[in-house]
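What follows are several structures.
Presented sequentially are two complexes of subunit A, the first with subunit B as partner and the second with subunit C.
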Partner chain A sequence: MTVISPGFRGRPRTSGHRLPPGQYETRDFPVLSAGPTPRVAREDWEFTVTTETGDRYRWTWGDLLSLPAERFTVDLHCVTRWSKFGTSWEGVSLDVLLGTVQSASDYALVSAYGGYTTNLPLADLLNGQAWIAHRYEGADLPAEHGGPARLLVPHLYLWKSAKWVRGIELTARSEPGFWESVGYHDYGDPWREQRYQGD
Partner chain B sequence: MTTDAGAPSYQDGNALAGPLSELFTVDLTTALTRCTGCGAAGPLAGLRVYAHAPGLVGRCPGCGQVVLRLVRGPRAAWLDLRGTVALRIPLGS
Partner chain C sequence: MARAAVPGRLGERLRWRVATVLERRRETAAAVSIALDVPGWPGHLAGQHVDVRLTAEDGYSTQRSYSLTSAADGSRIELTVQSVADGEVSPYLAGQVAVGDLLELRGPVGGWFVWRPEQDTPVLLVAGGSGVAPLMAMIRARRAAGGRSPFRLIYSVRTPEDRWYLGELRRGDPGLDTTFLYTRSAPDGWPRPPGRIGAADLRTWGWPPDFFPECYVCGPTGFVESVADQLVTLGHDAARIRTERFGPTGG
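For the complex of A and B:
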């Protein structure tokens, strides 16, 4: 179902981008979803971080936009085997959001509007590796791609980059999320092809 | 795999027939399920199945709760039925 454009005049297919094992390049942006697309109004949107002691940090949409934003271009790798090169985003680094949070936890359970969850080590959300992204290719992020805002952790398979992100719970132990509890890998490194449990 | 604007992003539960037939000898799409969320009962074929995803997700048409999840890996399948109280599976006498 991938749309091929024979006359496409963009950059050559392999211009410096690398494909992880078992992946193919796509140029459209497939929409994957485990449920109906939540429609979250910006005035109702909030993002929270909850620590192991129950402390809760909260940001409104206005709070998010008042924080320093970064523009970044990354490759995306979906566990359903497509990769998309050179996607451009704007968002707030998790280093900024988590910088004020006091926690001794090593793991994060990310939750989204609509009920989706995914888990990853807290360290993978830090050091310039993860963002709350709210603009894609120069425009507001469309709802089907996770708008108003989604998590983006591009060094892991895309199911970790929760669309419609709503909050992060910091936990002492790794707690499996939506796909991790039905066979998908706890970590999901595309370069080590960690698709399923046991990979 | 772009989604057409306005087109439903789910299929009906008959989309489960093929994947489940690999695991069970009876046709489970006619089995009656009761949603743990809202209590509504109906055949698995009545679920809303989201298939453009890393696995199949069957949701209750009444309340949207996840009733069934099925993931097929190369060496194993994972089936989660925690969203149904029980399945009534019709059998021949």
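For the complex of A and C:
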């Protein structure tokens, strides 16, 4: 049963952008995180990839900046229902970082400074779909948006794009991260409106 | 790691339900509390929210999340909606919805920003504006459970007219200390000049870090960022600071 609310009109339907179901457009950049913003100095920053055999690959801030960076413009979709179109970033593709990693895993558990984690299939980090982003709109990425660097996987809801990213653990099975273990969807495709487990 | 807050089959819990408006109570010029009857409501924890879905006559539909403000009480739940200028959903809910109207919602959702009655540590609640909503649910859940863990609420508002739940907070609860802070204008004779919340306010009206309080901070992004940073600087363990950011974005 659908309940019609008499007198409710909603916003004009003629937005130039395509919105995933249940989303609305915003022009600011809301901040959502579960606790205080971690402050990570660039000289202390490192990013690691750990495989199922325990092999560990490590990049310092200098290592990251020496890798080929891409500039890309993507739309962001947050599970709290805002979408922001045409955001511009600069970062290193995960294809570059994972290119030399030897692994038979199918899943990734991403961890962040501050203790946050999130999980997704490894395939969603490859083939030009994900970056370690360190610049936003032509400037260094501010801490409240995940700086020094964050994961960006724009085709999934934004909680998968871990702010303050610290490492990726490659695993044979899907292991739930922070929000996924309290009822949010394992995959989080905004176009299929996969907000919560069971969606 | 936190566990799912309310057990039960997810498909059932996250099914859209039809709720009936039981009561409207005005909190301020812009904010209204709405009590709803939700048949089959599975119960909730203080701090959780619901998704509300409105559908227009042409089939267009949109959704927003609202914090639950009541303690679990059978099939009755409450929300408080602040009408946001040029918002899409909030002016309708705050201004037009009447007793007896039907609304669609699902939930409860969210298992991190919650307080459980079995927690026995001191609790610091820090609210900025409408961010008081989920914190009020914690105060009410504590009361409903006869809880004795000491609570402190620091509630920052622009002016005295912007305080929600004023009568209830003035009546108070044993073991709950409430402090109002004003950012634009304070009542006559108020000892603290109007201004944004600072470390001195958190030190004076909050708990010392060595009491190991659980801190819940909710409000607009700038408020939450600032308060959470100051709590960390004062020596509170970041793992004990839970935040939820509200914005007028989209409304």
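In this section, the second predicted complex is superposed on the first by the 183 of 199 C-alpha atoms of A that agree within 3 Å, B and C clash if a C-alpha of one lies under 4 Å from a C-alpha of the other, contacts with A are read in each partner's own complex, and residues count from 1 in each chain.
Convention: a residue touches a chain if its C-beta (ideal position, glycine included) is under 8 Å from a C-beta of that chain, and two chains touch if they have at least 3 such contacts.
Remember, it's a predicted structure, so these values are computed and weren't measured experimentally.
Of the two partner chains, both subunit B and subunit C are touched by A:Thr80.
In the superposed model, A:Gly22 lies in contact with subunit C only, and not with subunit B. Shared-chain residue A:Gly128: touches no atom of subunit B or subunit C.
Of the two partners subunit B and subunit C, more residues of subunit A are touched by C. Of the two partner chains placed by superposition, subunit B and subunit C are both touched by A:Gly183.
Residue contacts after overlaying the shared chain place A:Gly62 against neither subunit B nor subunit C.
Applying the stated contact rule after C-alpha superposition, one finds that A:Pro142 touches neither subunit B nor subunit C. With both structures placed on the common chain, the touch criterion links A:Pro30 to subunit B and to subunit C.
In the three-chain superposition model, subunit A touches both subunit B and subunit C at residues 1-3, 28, 30-37, 80, 115, 144, 179, 181-183, 196, 198.
The residues of subunit C lying in touch with subunit A in their complex are 1-5, 10-11, 13-14, 18, 54-57, 60-65, 88, 92, 96-97, 101-104, 109-113, 221, 224-225, 228-229, 231-232, 238-239, 241-243, 245, 247, 249-250. Residues 1-3, 28-37, 79-80, 115, 144, 159, 179, 181-184, 195-196, 198 of subunit A touch subunit B in their complex. Residues 1-3, 9-10, 50, 52-55, 57, 59, 64, 66, 69-71, 73-80 of subunit B are the ones that touch subunit A when the two sit in their complex.
Those residues of subunit A whose C-beta lies close enough to touch subunit C in the complex are 1-11, 13, 22, 24, 26, 28, 30-38, 80-82, 114-115, 144, 178-179, 181-183, 196-199.
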